[in-house]
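Next up is a structure, given as structure tokens.
Chain nomenclature is as follows: A, B and C, assigned in order of appearance, with residue numbering initiated at 1 for each chain independently.
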């Protein structure tokens, strides 16, 4: 279980996270929703250990998070891959020392699950569509079977149709592999449709944490209400009267 | 602002201390017996072992490395460079005399370089790709490829040997300085022309200038108000690098033209193993470098206020 | 990239096969024929000891160009390693490396090389050492700068998350991105090394006679400027042509890189 315990973090001189606490059980999905600048990227960097919080603790099963080798799916699919490498080489990076045949088998299985043709992995990131690169990114995140995967705006670089497809595939893979997913997104509709619980982040602080059902019926703070109403107006969610 | 000034000074101190330490370590570990070299230079004869030992004691070469280093650096903080181990005279006044030959030469050369490169670059950029532009680029490329010592020799060959217009060796009259200053100045002109030219061209590429021209602002006004300041930034930067070129050039040119100055001071000190002299020249050079770079940094911030802001 | 390859190949061919074109032994002394003008027997004339100047220039390429190549390569390797250390080694390593680089840069390279070579005792090894010690800083700066900018690239973060060691990341992710810029710096430093070697040779601190290094040849020729001025032209011309060719190749390479950069 992921436990984020009262963390404070700075980006440069500015305070980016104030007293943030979260928890995420194994196999579950937590969506962190907020606008740009709310501190979402700082939260991800802190959980992954890329940034040291100035106060507070982050653990996975009472150990430092790095002990579970969490994986990350990035917002910009192409930049997550070395531009001069075939995708296959990057996919193998997390399992470099392991048995080749086992890895090959796993790649083949994950490719089927993610609806990726194997030949695609021989190409370079620039020669493949963004949607496909993002699925390769998910494949790489899954390859070492980590218990925790972070998704940083996994859909925002994709077009609407691909977004739906990719969201569906992430959910399917989670069913199959059983990882815990922390999804950072500004898309409330996506969060409501796929997450077990929703945390709203605003100006570096947690505004509310609730399950999707109670979020829609009873958003709580005025900010959360505005967020819900905007999503309703756009038609991305429906509220039973 | 206070903080940046303090930061500068700390950095300058680190650099100067580092230079002093490196030089001292180099001198300390130089192969051969320095005491013997000094004794030979001082008495102009092959010395006996007694004499060498005596020199060693006098020059403080018996002490340990750190003791000797502190012994040297302590008085240095009061601008006392010690005494020459060859002549026994204080280093300071001799160094000052050498500097009075070298610095005017360097400044004259810089003036010559600017006087040639600025008009050339402005003419060249009137019509980029035109004849003048190609000419300027070709001259500049050629100029940066010619070693200073060879250029000096060619100028001597032409103006002193063949035409006999100018004197070549020594520094008795101001005319003796013409060829050395020209040698250095031409070298500087070559690299400055390149930099100023690309600075101006880059300045013209700023997108808003097209709009200005479209609105009928004259080229002259744009040049004065926008191109000049914009092109000045890289030019100022390069001045720091030119300084290195100048100091190198001074050493070489003084040797070619048989002029007294820091270059001759340094080379004869090295050959005689006169450690206090070598150390003095090295530190003076580093000091000049640090000070000029400090000034450049300040000018830089004045020209382009964005530099030095966080996240810029 | 092609222009650099062509220049590199041309210089390599010249260094390897140039001496084979020499008509005379470069160090055979022939006093009766001393200071002869250019002619059939001695294409560019002879020097004060009657040695064939053309043969000396051809053999001198091994010293002037070969040594410059070696020195610039040493600087490239050392500087890149130091720069990567600064970029990957954390804040303290970065501070130490950058202040050291500042210290080395705060001094005109040639003057430093004169001091080092002079104190170590004139000779080829001290020349190589002196010019290498003063030539790594630019590479280090470039390597560090690009290295720091790569730190936030997605694929570098992914490699770190995958548990790759800094050494692996430096070798496989940083180095390939550094190479183009480092090659541009290298062409400039190669040209500088040629100038440095000949300058030190001319000042008497470089390759020692009777080796036919171009700067050393000029030192010899200078004495006879009045009687045989042409003797002083040829070695200098050899330096200028080599430096010019390398600089032009470097310019072409930089332009080509800028173009691909923009195309991205």
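Here is the rule we go by: contacts are C-beta pairs under 8 Å (C-beta built on N, C-alpha and C of every residue); 3 or more make two chains touch, one makes a residue touch a chain.
Keep in mind that this is a model prediction, so the values were computed, not measured.
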Q | Closest chain to the centre of mass proxy, which here is the mean CA position | A | C
Q.
Using C-alpha centres only, name the chain that sits farthest from subunit C.
A. A
Q) Taking each chain's centre as the mean position of its Cα atoms, how many Å separate subunit B from subunit C? A) 21
Q: Can you check how far apart subunit A and subunit C are, centre to centre, with Cα atoms defining each centre and the answer in Å?
A: 50
Q.
Just the number, please: Cα centre separation of subunit A and subunit B in whole Å.
A. 56
Q | Residue numbers on subunit B that touch subunit C, as the complex places them | A | 11, 14-15, 18-19, 22-23, 26-27, 30-32, 141-142, 144-150, 153-154, 156-157, 161-162, 243-245, 247-248, 251-252, 255-256, 266-267, 270-271, 273, 278, 282, 285-286, 289-290, 293
(Q) If we count contacts the way the header does, which residues on subunit C are in touch with subunit B in the complex? (A) 99-100, 102-103, 106-111, 114-116, 118-121, 191, 195, 198-199, 202-203, 205, 215, 218, 222, 225-226, 229, 232, 236, 239-240, 243-244, 247-248, 251
Q | Residues of subunit A that touch subunit C when the two form their complex | A | 48, 50, 69-72, 74, 76, 79-84, 90, 93-94, 96, 140, 144
Q | For the subunit C and subunit A complex, residues of the former touching the latter | A | 153-155, 157-164, 172-173, 176
